[in-house]
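First chain A sits with chain B, and in the next complex the same chain sits with chain C.
== the complex of A and B ==
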């Protein structure tokens, strides 16, 4: 147990770095999404799938780094939010196709 | 489960889940976020279904200004980072560091809100209002609900921060601060989808 604690302490400075790195990635994906829309180089059939992929990657980064779902003991949090997303997708697609 | 609680009270690396009450607060808040996800999904579904029904008014393509949206996105994304940095400072028991980052977070959030109010005002002058068309109704319902969340988040973080300044960082205030930070990240997650599915998709066609 003591070993684990020491590890957790020594990881603290790396924690801020991890978040900043995640932030840089999120900014990069945001910029990429803007680029895909603004430039004419991307084939029109690819635009919407690419935008969705970029958004999903950003959300995963946000959930697992900023909202700490990568930490130990967050299994229940993950279950709740994943179930929420499951119902959310059904609702959104359901309304869209109605 | 019980073992985990003990080990974290011995060495509270994460002050917000150091007590059983704190753990429950965070757990309950994730349940709330799951419900919020469904709320926003319904508004997204409605918007996407109705976004082309502009009834002769300005369409998405004519209306949206990507420069303004890019600036708003940058503000909100940065505020999400400063919010997480505030939580790191909180777990290092640094009141000064935490308050500094939280104040920056609040200022960025306020900047976002000012941009959004300016944007809405501009749209209303262009003839795009809540009542003008189905597109208008669904747009303001979705983006307005997000804006209301940002407003509430600013008020919430301000009050929780002032309470922490008076009472200090302890196992009582830490879960509240942490949960408000989760809420702020969630607002950012929703914004990622708004700028993708509303603004960028509106420019695509």
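== the complex of A and C ==
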């Protein structure tokens, strides 16, 4: 398996580039999240929304590049992830509102 | 400190064994022994048997606890088991039955049957499968050790934090609940994941999703429910652990916490959980009823649809356990409607079973008896469910014996009957011998009558105002007769269970040998291979040409399945001791946390990490076996 993957990547340098790029983005966003919390330049009301935004972007990047959601034949993963999000949202909204 | 030393010695002792501190011969002997074979097996058929045996043991323990409770309630003002002891019995009964009896027996059937029904040689992750079993077992053991180490949990199986926090339940009882369930829960979660991947990836050629036998479908949906529901329990238990062990205040309202959060999290898990245990029973019923009616299952597609719909809706109804919490009329109404909606797909299933039987050549073998007994019993439980789903009415029923009657009708009349049907049906496939029919029928009738005698009066006890979870009641308030009847009924279930155990022992000694197609009516793939199957299940992967794959071939006049591949050597995974080692690590860690011995907990976690490490650098690629040619010389 690992071997096949390596070949696929070496044949398509664009794929490797994408991985490296999103890896850099990951680190950048993580660092930014730390900065938002540590620094006193960011108004405190913004901290939580900013963190949430960073988190969402990171999750999406993570899913599409490293978890290969952009490839064909991922219908099952998509179904399960969407249902997972659905259940989580219902539960969270339920607990918050009630 | 004493406990710590004992644990240390135990760990050193085990380390000595695993690293060859004893001489080579000893190691060799251990490795060849049958016990070692069972402890390290990764074969889904053996793991199924382990699950079944462990589940039965816990079923008996839970049953003894229940019998004690009914003895206490036999007469008013009794003082056999009172106060805290009664609460402990009650909590351990519920927890044991749901998590340590029903769940493992469901996994037993899933392990024994699902790979065979889809034409696979094993589950997708045999190692994870073994790990799941050992984690469940060590969690269950830890929970039950509470009886000897300072008292069992006493806050109910729902462990509402108004009863479960340190100030309300002093002593280690609830800690055992928290850590025991956490460990067993990890095992269940990875077990569920395993079956999802197995069903998605390992189906034989031609086995499309709409040709899966219904038991496999329900196993699939149940695994999905496990995947989405158990994390809620994990989170809730973790928070409770922090509250009790490390002084956090998630649930302590005097410190700004909220006990309602626990209730939400518990029921977000808890309601799907009741569907996790009932759906496989539905699957068993569908297979059993169609086999013994000698008919194709009526409305297969609608059955699949109903299964998926029940699974989906199961996540949107949890608040029906919290109607009286005071969440407001809007929440209550929304969740009441959603709850009643579930009765629709359930009704679809009931009618499909009836239509399957209609006009069939019915044979009342023991599994079929359980299935036929199941239908009216379960319908009664569903009926009371819909009654409870009406919030204004639920304000009356809530926390009374009426609820107790409801959930025993669905859990015993549904899940346990389903499990018994499945055990009788697939026993020949698991063990190669048929359970005795006469004893089986006695088991069924005594259990059925005992069950109804016990739980039918409880509806009225509830309506007459007897609260649940109380250890006694007074004379002259009209509760004596019904309680007496209810306690007498237990005898029926006890006798039935004893007959079942006798049946097992009798069958293992001199039961009738089972043929490949043990009931001679087999419709699905598991009946196309010897009983018990060889370790590789299918010498050649079968080619599936329709729903009820074996029946299709039988109708076409073929004696066996058409193979989809030439005969060749088969790759098998090697046995491994790491699952049991890792579970031991979790067990030690859990015990350490409970006795507040952080060093012991650390040792346990170190064992876990070491096992993870060993596993990561384990380059064992398994081995190959040459299958026996089924045409010449092969069995059957």
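Definition applied: the second predicted complex is superposed on the first by the 80 of 98 C-alpha atoms of A that agree within 3 Å, B and C clash if a C-alpha of one lies under 4 Å from a C-alpha of the other, contacts with A are read in each partner's own complex, and residues count from 1 in each chain.
Operating definition for what follows: a residue touches a chain if its C-beta (ideal position, glycine included) is under 8 Å from a C-beta of that chain, and two chains touch if they have at least 3 such contacts.
All of these numbers come straight from a predicted model, not from anything done at the bench.
> For the three-chain arrangement built by superposition, which of chain B and chain C touches the greater number of chain A residues?
Touching more of chain A: B.
> Kindly classify A:48 by the partners it touches after superposition: chain B alone (first), chain C alone (second), both, or neither?
Once the two structures are laid over each other on A, A:48 reaches chain B alone.
> According to the stated criteria, A:84 is in contact with first (chain B), second (chain C), both, or neither; which is it?
both
> Counting only touches as set out at the top, which of chain B and chain C does A:20 meet: first, second, both, neither?
Touch partner of A:20: chain B, not chain C.
> Of the two partner chains, chain B (first) and chain C (second), which one does A:76 touch, if any: first, second, both, or neither?
both
> Name the contact category of A:38: first (chain B only), second (chain C only), both, or neither.
In the superposition, A:38 touches chain B alone.
> Based on the superposed arrangement, let me know which partner A:58 touches: chain B (first), chain C (second), both, or neither?
The first partner, chain B, only.
> Name the contact category of A:95: first (chain B only), second (chain C only), both, or neither.
Touch status of A:95: both partners.
> Kindly list the residues of chain A that each of chain B and chain C touches, one partner per complex.
Comparing the two interfaces on chain A, one with chain B and one with chain C, the shared residues are 76, 80, 83-84, 87, 91, 94-95, 98.
> Under the touch definition given earlier, write down the residues of chain A that touch chain B in their complex.
Contacts found on chain A: 1, 5, 8-9, 12, 15-16, 19-20, 23, 26-27, 30, 33-34, 36-38, 44, 47-48, 51-52, 54-55, 58-59, 62-63, 65-67, 71, 73, 76-77, 80-81, 83-85, 87-89, 91-96, 98.
> For chain C, which residues count as touching chain A in their complex?
Those in contact with chain A are residues 196, 200, 224, 227-228, 232, 261, 264-265, 268, 315-316, 318-319, 327-328, 331.
> Once bound in the complex, which stretches of chain A touch chain C?
Of all residues in chain A, those touching chain C are 76, 80, 83-84, 87, 90-91, 94-95, 98.
> Show which residues of chain B lie in contact with chain A when the two form their complex.
4, 7, 10-11, 13-14, 17, 26-27, 30-31, 33-38, 40-42, 44-46, 48-49, 66, 70, 73-74, 77-78, 80-81, 83-85, 88, 91-92, 182, 185-186, 188-189, 192-193, 195-197, 200-201, 203-204
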